[in-house]
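So that you can tell them apart, the chains are marked A, B, C, D and E in the order they are listed, and the count of residues begins at 1 in each.
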Amino acid sequence: MTRARLIERALLLAATVSGLSTVSIFVFMVILGLPILTAGHFSELLTGPWSPDHGVYGIRSMIVGSLTISFLSLLFAFPLSLGTSVLIAVLAPRGVALAMKRLVRFMTAIPTVVYGFVGIFLLVPIIRELFVHGSGMSILTAALLLAILISPTMILIFVDSFERVPRSYLTAVAALGGSRIDKLIHVILPCSWPGIVTGLVLALGRAMGDTMISLMVAGNSVGLPQSILDSSRTLTGHIGLIISADFDSLEFKALFACGLLLYLMTSIMVVIIRSLHFRAGVRGW
Amino acid sequence: MVMKRVKESIIVVLSWLCSLLLAGSVATIIGYLLFKGLATINLALIFGDTAPLEAIFLGRQVFNGLLPAMVGTLALVLLALIFAIPLGVAAGIYMAEYGKGRLKGWFSLFFDILASIPSIVVGLFGFSVAVFLHHNLSERIYPCLLIAALSLAFLVLPYIIRTTQVALESIPVTIRQTAPALGATKLQNISHVLLPHALSAMMSGIVLAMGRCAEDTAVIMLTGVVASAGMPRSIFAGFEALPFYIYYISAQYSDSRELASGYGAAIILLIICIMLFGLAFYIKARFELTFTARSGDKRRISQRIMKAPDRRKKSLKVNFQTEQSGQGTLL
Amino acid sequence: MKTKIRLSDISFSYGNKLIFKQINAEFAEHCITAIVGPSGQGKSTLLTIINRLWEDIPATNLHGKIEVWLNGTNGTPQDIYDSAYPADSLRRKVGMLFQTPNPLPMSIYRNVAFPLKLAGIKDRELVDHKVKTALRQAFLWKEVKDRLDDNALILSGGQQQRLCIARALIMEPEVLLLDEPTSSLDSRACKVIEELLLTLQQQCTIVMVSHYLDQVKRVADTTWQLEDGRLTRI
Amino acid sequence: MKTKIRLSDISFSYGNKLIFKQINAEFAEHCITAIVGPSGQGKSTLLTIINRLWEDIPATNLHGKIEVWLNGTNGTPQDIYDSAYPADSLRRKVGMLFQTPNPLPMSIYRNVAFPLKLAGIKDRELVDHKVKTALRQAFLWKEVKDRLDDNALILSGGQQQRLCIARALIMEPEVLLLDEPTSSLDSRACKVIEELLLTLQQQCTIVMVSHYLDQVKRVADTTWQLEDGRLTRI
Amino acid sequence: ADSLTPFQGETGTIKVSGGTAHIPVMKEAAKRIMTFNPEIRITIAGGGSGVGIKQVGEGLVDIGNSGRKAKDTEIAKYNLKMCKWAIDGVAVVVNPRNQVTSLTSAQLRDIYSGKVRNWQALGGADKPITVFTRDNSSGTRAVFWKKALAKGDITDRAHFVVSNGAMKAAVSQDPYAIGYVSVGYIDSSVTPMALDGVVPTLDNIKAGHYKIARGLYSNTRGEPSGLAKKLLDYLLSPEGQAIVADKGFIPVQ
């Protein structure tokens, strides 16, 4: 074999190894979670309560916790991000827009654990005092912090897709007597919907995949939350907590079910984004 | 029309409010951190009771100081990158230059999925692999610096692959064809022209990956970080790391001095991460400059647009746009 | 002939690059005025000065005065850079057509109706009627009447250009600025548009930039040459 | 006159867009052959077919045969698409110059020496000598001899274009393909390059795409017109 | 430093994990040993008693700490040897701002089972009670659950924390919290509760008045040997026991 072919093979090998790691994570989760998946507990696993004392290893509350926390954070972060991106891309004077953009990039550099740390000592007491109910460690607290964590992801993607709207459209609107807001409403937003959805989905993935914030400020109780002021546990936080359990126990095996679930949910999001881009690509955006 | 003006003002006001809210909350977070922690930043925070020079040059143990955690983080980042860079760059080159058709599509899907897997799942994977190997391969394998670094490598691998791929793919055709037209083989083209050209863009991806490694807590929490280990000495042992230290302190500080050191550690970690991200953007900015200079600086290109006969204007303009948007996707 | 637009002592620069130095000109009502000149001299820029479209471009600078005699103002001209005069009302009276057709990414119907929407006109029947009239005027109605809901981007270049004309006409502008309106069209489409311009002359004042001297000869009443920052009548 | 290159029944398409349909042509040795034609007809594409540079572009398709009479093969032509014949050796014999100068981001010296490096020639003195000769041939030596280590990107457009010519010449190619070599240059630089082409004619066969009919008249021995996928001699 | 002489000239690593109550003592001991002989490495991880037993059993660490006795099955399976070097009480703690400072066992069970949800019912402020607990691998929880709650239910509204330190931090932060920690962790930031009239002081525990007590164990697989043995010996030496006392536990010697 020639050197060139050898090197090509080596590169292919590297790509294969990287690709296989994705598969192997999945396979590992399945194999190790198999005992609990096959032990007839499958439906119980997804819908049952978590009560190892009674031999019940349902992760229902964690699923609910993950979903409520991440969607709530999206609910906070989306308007915030949309508003900020509109300011950056359309409304603000150049100086302000640039400064805001810098700030947003700076935010991407803040470590998650720092958010969690400040959250515990700053936000938790505020929430506790503000809403008399509960300890301050709650879905709301985690969602607020997560909202700040995921906003920069969304803003950067939104701004990028706003800026990709062809200039000729904007000039067309201006020449027809439209204002900045007309540009925004009639052209920029409709044209950048794939970008907006991408930003949303990526941010949701980020929120759902985050461990430290919910572990640190959501309180981690295993009950089904009744309100957003209740404490709750996410799938990721659950893994972080139960990892110290005996790893032959069913309790521990249930973690792989959590891992698998997280894996599948984020993969689905990826597929959504990819198909979106594919369709958008066909349409010429 | 009046209604419309009112509506427009509302949108403007709302969007300013959103931005202010966001900026305000970040300012609050950083301000709080600095307010609480700035006073603790001193040599004792890092070196504890040990004299700094002795700690650095004589390898004296540091207790109650951040040095072991900082060095641990450093070792972790370096080790993770040693695994991730060759693999990621090679896979990225494959994707950009050799991959085609369906195989490339599958790889691309896999890398996207890998990029989206929550870090704690990667950590769980690393932990299970370590335990699995411990049982089936060697008693000596257990969660340690090596396992943590390997897991982190998986975490940042897709970043490196993607930036490499995009950096290579966004090299303009004119440059891409220069060397082949002079008789270069594909490999020569890659090694003499394409890689050097893409290097700075790849660097910024690598620096971002470094930031990710330095920051991540969830992975190492499951794969070998410990509360107290001293300076890292062997890759087969547990280690301390800054982000875990912060988490640990937030959960179980025993006195206000320890808590204060947590704020200090948070500030230090923040500074490290910001420096890494700053570096990435600096490299990227330089890259953009040289990039445009290489493909003929903007002025020349616009002159070309002006000089060219009518029909051509459009295509040249389009080319220029795509060149730019290629850079846009980078970060 | 009545003057419709008067430029007095206009200087304009992009950053520190001076494009016009103290130019003066008058364009007559219901005439087609052509502006010719080498590439890069500022012909397009001149048009954007008349409808203030340059204002969105950073680091630009304008000195001088532009007056437009608008209908229903009893012969007193409007200073278009008067700070109390909003750019969007001006742009509704001064339509513009670009060198490359720029339909918006929406249906044909919505494209043409777009200016009405911006103006807040909601009456469905009125809009329908106006869209139809505008498309007829632009000689496009026949070709598109059965597919008004199709995306405008799938039209051919010539059709797109006429669509943009229809869109500009729907507001019944008093002035129409055309930037090389036929440069991206083949000769047949070109003819159609030239004829269209001649009929439009009755309704509005047309200022048009053109490269093609034979075209200018065919349609223009007056011609101005722009070179080295100066505008001279030829 | 001896034939240097013969195209037989060449068809080529990008995706499913057919660019050439069964074209045939012969280009004579030591002549300058010009190819003219409207934009977008495939003139650049034609050149890349002769040095196989299109092969890296996805979804392209070629049928037909191209023969080149290379030196030292006793008059038997080489089929360049013969699977045993590697593209890189072909490209060392068939140099190409692009429409826009494309120096690599390295020093002037290293730019010119780059093809030698690719060919694995390491002898320092030989390289020095060849670089000097190539730069002389390209009429660039005087202007750059004192700054061979400067980055090539700081050269002016005309100098860059000559640099690229020197780089193409250093391999002593038998055929030189030029894609609108003067399109980005001012008229003085243009002259210099035209003269250069006339002297190069002695050493190689030149096929050149040009827009400027006066230029073609000045330098070309034969002219082919490319239009609607067909190549005709004029 | 007589107790440290056995470490003279040794090199190697001791890996410790498990019970979080042990950590302060372990850290101090490690610090002294590593200062005495820098060639020795001691890494200390938490995780909880379950982790300690499991990991030492699997050979992942050299010493696994637990705040409870290993179960017979565990001892049999891994051939564990236990070394008890301190006695510890588990105290119910509340925030210093809380007026309630004494509970009966029944009240405690009601709080933890979720029957009583407001401090008012116990004579405190009209505020909901925030219940904190530990996860299942915790030895502190095991002892508390068995001896204080009599294996009663723990409400699923309870917040979970991962360690003794975290428990203390959480309770000291939240004025309406209740939790339980190892007495070694008690300081002015939390108030220990008298249970059935008995205050969880070291004296009361030593005297056997306060019932929720346990040993702190360090487990090894098989008989301790090498450095691990030396570390255990050190903990039992006078100097080690002084550390134990200093950190708020009851020495065994």
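Rule of thumb we're sticking to: contacts are C-beta pairs under 8 Å (C-beta built on N, C-alpha and C of every residue); 3 or more make two chains touch, one makes a residue touch a chain.
Model, not experiment: these values are computed from the prediction.
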- Query: Take chain B out and leave the rest in place: which chains still touch each other in groups?
  - Reply: A, C, E | D
- Task: Specify the angle of rotation obtained when superposing chain C on chain D by their C-alpha atoms, rounded to a multiple of 5 degrees.
- Result: 175
- Of the chains shown, whose Cα mean is nearest the mean of all protein Cα atoms? B
- Cα centre of chain A to Cα centre of chain E, whole Å, reads 36
- At what distance in angstrom does the C-alpha mean of chain E lie from that of chain B? 39
- Message: Using mean CA coordinates as chain centres, what's the gap between chain C and chain E in Å?
- Response: 82
- Note on the structure: Chain centres from averaged Cα atoms put chain B and chain C apart, in whole Å, by 50
- Item | Contacts with 2+ other chains: residues of chain C | 100, 119
- Task: Could you list the positions in chain B whose residues touch two or more of the other chains?
- Result: 131, 185, 250-251, 307
- Item | Residue list for chain E, restricted to those that touch at least two other chains | 46, 161-162
- Using the touch definition up top, name the residues of chain B that touch chain A in the complex. 7-8, 11-12, 14-19, 21-23, 25-26, 28-30, 32-33, 36, 86-88, 90-91, 93-95, 97-99, 106-107, 109-125, 127-129, 131, 154, 157-158, 161, 185-187, 211, 214-215, 217-218, 221-222, 243, 246-247, 249-251, 262-263, 266, 269-270, 273-274, 276-278, 281, 325, 328-329, 331
- Item | Parts of chain B lying in touch with chain D, wherever the complex brings them together | 100, 174-185, 188, 192-193, 196-197, 290, 293-294, 296, 300, 304, 307-309, 311-312
- Message: Per the contact definition, I'd like the list of chain A residues that touch chain E in the complex.
- Response: 49-53, 61, 120-121, 124-125, 128, 132-137, 219-224, 230-231, 233, 241-242, 244-248, 251
- Item | In the complex with chain E, residue positions of chain B that touch it | 59-61, 63, 131, 134-135, 139, 142-143, 225-230, 233-234, 237-239, 250-255
- Query: If you look only at chain A, which of its residues touch chain B in the complex?
  - Reply: 3-4, 7-8, 10-15, 17-19, 21-23, 25, 28-29, 32, 79-84, 86-88, 91-92, 100, 103, 105-118, 120-122, 148, 151, 156, 160, 163-164, 179, 181, 184, 205, 208-212, 216, 236, 239-240, 243, 247, 255-256, 259, 262-263, 266-267, 269-271, 273-274
